[in-house]
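Once you've had a glance at the structure underneath, I'll fire off some questions.
The chains carry the letters A, B, C and D, assigned in the order they are written, with residues numbered from 1 in each.
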């Protein structure tokens, strides 16, 4: 069992949301942050780095926003929808922009294809969690 | 001159926004992230920590969201309003929630009063930057 | 296949280290950052939060250090051992302190037991990567 | 008065270290994290980005390590030298590597000169704090 799921299963109180949905979002956010950090590094190793500047910039943003979002959504105590909901919206929007740009390079660079996939999954996971929380 | 202003003044291209407004927001975000991290630590040293659980949780969130926002807004290259705007909205909302909670403890705990002030300034700075960017 | 492994397999140049060892470390760092963030939140939900202050503090540190370490070790381009090695040493030391403290509460709080395990695994993974890199 | 100093002055217990030395280190760490994040962005806007790949990589590392270090050093409660000291060592080493590389580009790029200065100050501040803490 993944650590997010294990930790949610040992939470001392009642969760605000289904543990499976939340754990899946946490996994998708961690995957996306990791893929974007690695994709920046891959881009910096390519000969045509100048054509990848927009991809690098959006992957940096996406890694930072996913890292903040995974921390905030991992917290259940004293839950505040006014914090979690706009952040999930911002994270989904960032994953959309970043996924679109990575996809533009997916046929040339396999690492951009993998990263685009992680962004798409994360965007969808954020939207699913937004649908599930109060 | 502060480092954010110095770095903006040496940016190789044209900025998307007035350098003074942007530098002031970056300073406010850094101050708020720092104040919230310190306030968590202060709260953990208080005898009545159990009454400060909501304050701790929101300060943790606020530090994380401000840290992500300062990084994203510090980037000018390949600017994407679809990323920056929702994140500034989320950051302002987080500062609002966190500032409200810190203010509840401001009369008893001086550190919460200082932190509430940093949250208010940061919320306002985010809204001003939102008004200034395209 | 996990995203860290997928991203390492699509790196455009030659890796400085065995991809399997590096991917395992990245997974362990992500797991530990996640477990520590969740354990802070779990601790804040416990009645005896005052007895868990040291655990909360070390879990906050451990999450921050693991988050930085996962980013630095995920970067292969322009590798600099003077950056990576001391950070892996610091991360292993942090996981040791945090794991020791979580273990003290493991019999009472199942979430601390799971978190201690994640810290132990991460400490060992950092040491294995230190042994494998130049 | 800066927020780090204000927050340290309102800490409920006795600090482990002189508040002025600690506040100066926190300021230097925040400045360096900010300068490095901005310098990455500046580098990405330069025509000769391919020659700045090492600078970008080390600035990314330095921003991440300083961000973790500012959070850990901002925490006084349940202080653990086994965590703080190796991290300050790692941070000083990272600032050294990053400052050296930024300095190589300082005559051509003013933003690299400013960033090199922030790295040098932060390296020195970390070493001064290491000398002051137990």
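In this text, a residue touches a chain if its C-beta (ideal position, glycine included) is under 8 Å from a C-beta of that chain, and two chains touch if they have at least 3 such contacts.
None of these values were measured; they are calculated from a predicted model.
K.L.:
Compare the two sides of the chain A and chain B interface and say whether they are made mostly of the same residue numbers, over half shared, or of different ones.
P.N.:
Same residues, largely: of all residue numbers at this interface, over half are found in both copies.
K.L.:
Relative to chain D, which chain has the most distant C-alpha mean position?
P.N.:
The most distant chain relative to chain D turns out to be A.
K.L.:
Applying the document's contact definition, name the chain pair with more C-beta pairs in contact, B-C or B-D.
P.N.:
B-D
K.L.:
Distance between chain B and chain D based on Cα centroids, please, to the nearest Å.
P.N.:
Computed from C-alpha means, the inter-chain centre distance equals 19 Å.
K.L.:
Please compute the C-alpha centroid of chain B, do the same for chain C, then give the distance between them in whole Å.
P.N.:
27
K.L.:
Tell me, which residues of chain B touch at least two other chains?
P.N.:
Correct list: 40-41, 44-45, 53, 57, 60, 67, 71, 75, 77-78.
K.L.:
Please classify the inter-chain touch graph. Allowed labels: line, ring, star, complete, other.
P.N.:
complete
K.L.:
Going by the contact rule set out above, which residues of chain B touch chain D in the complex?
P.N.:
The touching residues are 3-4, 6-8, 10-13, 26, 30-31, 34-35, 37-42, 44-46, 63, 67, 70-71, 74-78, 109-111, 114-115, 118.
K.L.:
Which residues of chain C touch chain B once you look at their complex with the stated criterion?
P.N.:
Going through chain C, the ones touching chain B are 40-41, 44-45, 49-50, 53, 56-57, 60.
K.L.:
Taking the touch rule as given, give the residues of chain A at its contact with chain B in the complex, in rising order.
P.N.:
Contacts found on chain A: 53-54, 57-58, 60-61, 64-65, 67-68, 71-72, 75, 77-78, 80, 82-83, 86-87, 89-90, 93-94, 96-98.
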